[in-house]
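What follows is a group of structures, each given as structure tokens.
Next, two complexes with chain A in common: one pairs it with chain B, the other with chain C.
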Partner chain A sequence: MSDKTIYAIYDDDYVLLESAKHLVEKGVHIRDVFSPFPIHGLDPVIGLPRTRIAIAAFIYGMIGVSLALTGMWFFMIHDWPMNIGGKPNFSLFDNIPTFVPVTFEFGVLCAAHGMAITFMLRNWTLPGMKAKNPYPRSTDDRFVMEIHTHDNEVSEDEITSLINQTHVLEIDVKHS
Partner chain B sequence: MEYTISNKAKLTTIILVVVGIASLAVGLLTGHGEHTSTRLWANLLVNGYFFFSISLAAVFFIALQYVSEMAWGVTTQRIFQAIMSYMPIGAVVLLVVFVASSLHMNHLYHWMMPGVMEEGSEHYDPIIAGKSAYLNQPFFWGRTIAYILVWYYFARWFRKKSLEEDRLELNGQTSPVYTKAIVKGVIFIAFFAYTSSSSAWDWIMSIDTHWFSTMFGWYCFSGMWVSVMIVAVVLVQYLKRNGYLKEVNSSHVHDLGKWMFAISCLWSYIWFSQFMLIWYSDIPEEVTYYIQRFEDYKVLYLGTFFVNFFLPFFVLMSRDAKRNGIFLIPVALIIFLGHWMDVLIMVLPGTMFDHGHVGAVEIGMFLTFLGIFIFTVLRALSKAPLMTKNHPMYDESIHLHT
Partner chain C sequence: MHREASIREPLVLGNPTYSDITRDVLHTIENKPTKGWKILMTIASIIAVWGVGCILYLLGVGVGTWGLNKTVGWAWDITNFVWWVGIGHAGTLISAVLLLFRQKWRMAINRPAEAMTIFAVFMAGLFPMIHMGRIWMAYWVLPIPNQFGSLWVNFNSPLLWDVFAISTYLSVSLVFWYIGLIPDFATIRDRATRPVQKLMYSLLSFGWSGNAKAWQRFEEVSLVLAGLATPLVFSVHSIVSMDFATSVIPGWHTTIFPPYFVAGAVFSGFAMVQTIMIIVRKVMRLEQYVTIKHIEYMNLVIIVTGSIVGVAYLTELFISYYSGVEYESYAFINRFSGPYWWSYWAMMTCNVVSPHLFWVKKWRTNLTFTFIMSIVVNIGMWFERFVIIVTSIHRDYVPSSWSMFHPTWVDIGIFIGTLGIFSVFYLLFLKYFPVLAFNEVKTILKSSGQQYKNMTDEEFHKLHPVKK
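So, the complex of A and B:
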């Protein structure tokens, strides 16, 4: 079975959102949408699962907290205890208030960097990676909807006629 | 939609007050010696300040909504207006405590004692005498009266104009009340920025007269702010469960939950920063405050901090928990007690010294005030429609989607 990819190109995010609602109502499955910025409220319409980036961020944060505490225990308590202002230098627990600011900052640092790197890796947008968006103008002022025929039970002609009922700018069909 | 207080709610508040007064009476009758009188006054100050500051923070939050032109909060504005209706009662309780202190009927404020600032007197204390330019009765009373009058003026103004706004015929124009309220909000916040700190110094920090902390005002302010968010979260859940507030959707609940989460973190941050700097520098005149608390109130004091920080931090971190009453309500109720306990431990060590604890008097007084507070707030809610009309952001607010 030959798979065809239909691209519906729009010039407005709101129009795309309304068109997506219309298509989904008629039973069309939309594979993905490319847009210069996030379109508010689109995810549930095209049935994207909720992002798990928050869980990842939490895990990175906790890793940062543990690393910071282990590191400071090793440097300041275990390996080379230092007497700073007479603070207890023989036990991590007794000296914990000293370590809280650094632990907090390191937790935030790891959570933020881990989250940003995960996000860019998942989207394949880390520096040096080759862009995978089919229409370069979808990074500027175009909003592109990608529909695969083998995702749908309706035929290609029916999908294009449904798309034509919306305020679409251009329809492009590619064989793959 | 108009709200009417259900008989169940009325009965609950009456039971709270009756049980509270009974417990208070038992506590006072079984107590003995001079401590009982001090204990009564200290608890009156604790609950007077705690519930008054909640209503004060409600005024602040309304002013903040106007100043930042916040749209989502319009559907819950009447909730905050209802919370600030408790303000006059709280102010009267505080004034009773201060009048009694001034007349030496109690000994909450050591600096008010006669002779403390007079050289040669047996009570002379050179450290307190050095603070006499600020801590003297005329100036204290001038400030106290100014705070209460100005705050109450703004509270009344916001409420009155909001009710007036409902009756306007606008024909598509922006409500004139809204533009005026922004200006009033700015003035209130500028005034509140100073007075939230200085009132905390005057009313709470001056109990431990020798001690001072530059962060204390912010500590009290974040405590009152998180308390008002807790009250709002619980009230919204309560009203929604009883079929009111249809306009408040899960995004509004989420936003209120975020505020409760965020200000809990702010409070914890300030609590810890104040503690850590004093612990680290270890200067005798500063650490006295903490030594008292760590020697006589260690479990309560540290327990309060850990509960108020870790419980909301871990339970309410996820988005789903902030939208779900099953998570929100238990956390809110527990940290509400936590922040009351926080105010209790601000006051008790300096007034009761090592004799303070949570007993019949403390619980009784808290329940009595809680009953009166809930009843006042619900009564104010029933006096006006639950939704404002003619607020320019009303439409935007009911379509909130995050």
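So, the complex of A and C:
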């Protein structure tokens, strides 16, 4: 079965959101939406599960904290203990108060950078990548819905007529 | 639709459409640089080159060319360091703390404030490095395996905590700033007509397409980064204050330092944002987006943080008397009546008295007044650091070693030079980067835009019909 991509172009985020609700109600599956800014409330409508990137950040942070503590234990307690200003350096536990700042900073460093890298990789946005938005104006003031006939049981004509019921600016059908 | 109370003043004036917002912000990028920009850039470059020259001279000749002596081992260098770090605090505070509190007025000022943060932290980081004298050994502050008997850096020292704090702060702020810039770069890329411009912004935008999942992740990343950056902001200046507070110098050895330094940093950071934004909004014609209300909000933050700083100064003074420690008392008597009395009273006037003029609504909504005040606060905060550093150490325990600090032309040259280098970076940012986070401004248009504010639901639906 050949797949056709239907692009429905809107000029307003609110209109797109309400139209998306209307289409989904009628059983149309919306593959993706391209917009110049995040449209709040759209994710549950088009069935996007919540991102788990925050969990990843937490794990990176914990890795950072453990690395920092292990490192400082090795440098200050194990490898070359020194008595500096009478501060205890016999065990990690005694020395922990002075290790708090660096542990915290390193935890934040790992969490923030780990999350940023994950964000780039999952979005596949890296230097030299080609943009995939179908219309250049979708990063300015156009809001584009992408519907694949392949995803839907409803026929192409029916989808187009459903879209036409909403206040759409333009419908564009592409064969792929 | 999320609607706001109509008594709140609008944050976007006039009746712009989404593409008007894009055009209004990007006109400076898409057109040739103006004459004014070129003139400013030339002046800034000359000062920057002079600053670089002074730094090279210092590195060639040694720290002895500064006015430091045996008693006063830290002076303008560390003053400038703390001053620049302080200025670097407003950006992340605006973008992180105000994001967590869902303050919509942050949208118009977060980008320029973050840029200011990053460039200010660059300048700050420079000072401890050149203070080392042999800057090519600066990597010794990192715990790198070595052959000096496996000698490690001292993790008990606040100076080392500072290395971690400042570098984490700089790199996390940079990432936060850049992630926010990506969608805006994508807009410039898609509008670009000249091939070189298109190529440059394609590279910078990392192929951002703005699909729903990417935006979902974007929002989550912004939120979590804000959650991480908020304690980071507070920790960084706390740690800077511990450089002083954990020593046993009277005048430095105080537990009040961390909150006092953080408040002071926010105070000076907002003042610098005012200095920059009042000029930028006028020159780049962004009055519609950076309104008087934004300026007023920042002035309110200045009142609050200025008051905290004032309370801290007075507490410090009272405790030095109440502690009964002679050395501690003397440090403070010397501050306000010793040879450096003028710097203490300059600090008190600029930081404690002047912010309270903002209680008058007419004054805090006046641009000229705010601009002058922002300069006054910047000067006051520079003096605060000078007072803390130099007046605490120039008369130490042994009267025979009491001395004064006299800055040399290299001290002055490097400070002026960093202002020039900062300006060069900032002017480049203003010309080639989207100055406002305009795609974020679009998200508040419907809730805080002037034409939407007093619209009834019927009027709104008439304007935005969903069904044909």
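One rule holds for everything that comes next: the second predicted complex is superposed on the first by the 176 of 176 C-alpha atoms of A that agree within 3 Å, B and C clash if a C-alpha of one lies under 4 Å from a C-alpha of the other, contacts with A are read in each partner's own complex, and residues count from 1 in each chain.
What we mean here is this: contacts are C-beta pairs under 8 Å (C-beta built on N, C-alpha and C of every residue); 3 or more make two chains touch, one makes a residue touch a chain.
None of the values given here were measured: they were computed from a predicted structure.
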{"item": "Which of chain B and chain C A:54 touches, first, second, both or neither", "value": "both"}
{"item": "Partner chain in contact with A:86 - chain B first, chain C second, else both or neither", "value": "first"}
{"item": "Partner chain in contact with A:69 - chain B first, chain C second, else both or neither", "value": "neither"}
{"item": "Touching partner for A:101 - first (chain B), second (chain C), both, neither", "value": "both"}
{"item": "Which of chain B and chain C A:127 touches, first, second, both or neither", "value": "second"}
{"item": "First, second, both or neither for A:6, with chain B first and chain C second", "value": "neither"}
{"item": "Chain A: partner with more touched residues, chain B or chain C", "value": "C"}
{"item": "Shared contact residues on chain A - chain B and chain C", "value": "40, 54, 85, 87, 98, 101"}
{"item": "List of chain C residues in touch with chain A within their complex", "value": "1, 17-19, 22, 143, 149-158, 160-161, 164-165, 168, 171-172, 175-176, 179, 182-183, 186-187, 189-191, 202-203, 205-221, 223-225, 228-229, 231-232, 235, 239, 242, 439-440, 442-443, 446, 464-468"}
{"item": "Chain B to chain A touching residues, read off their complex", "value": "272, 275-276, 279-282, 317-319, 401"}
{"item": "Residues of chain A defined as touching chain C within the complex", "value": "12, 14-15, 18-19, 22, 32-40, 42-43, 46, 48, 50-51, 53-54, 57, 61, 71-72, 75-76, 79-80, 82, 84-85, 87, 89, 95, 98-99, 101-102, 104-106, 108-109, 111-113, 115-116, 119-120, 122-133, 136-141, 164-167"}
{"item": "Interface residues, chain A side, partner chain B - complex", "value": "40-41, 54, 58, 85-87, 97-98, 100-101"}
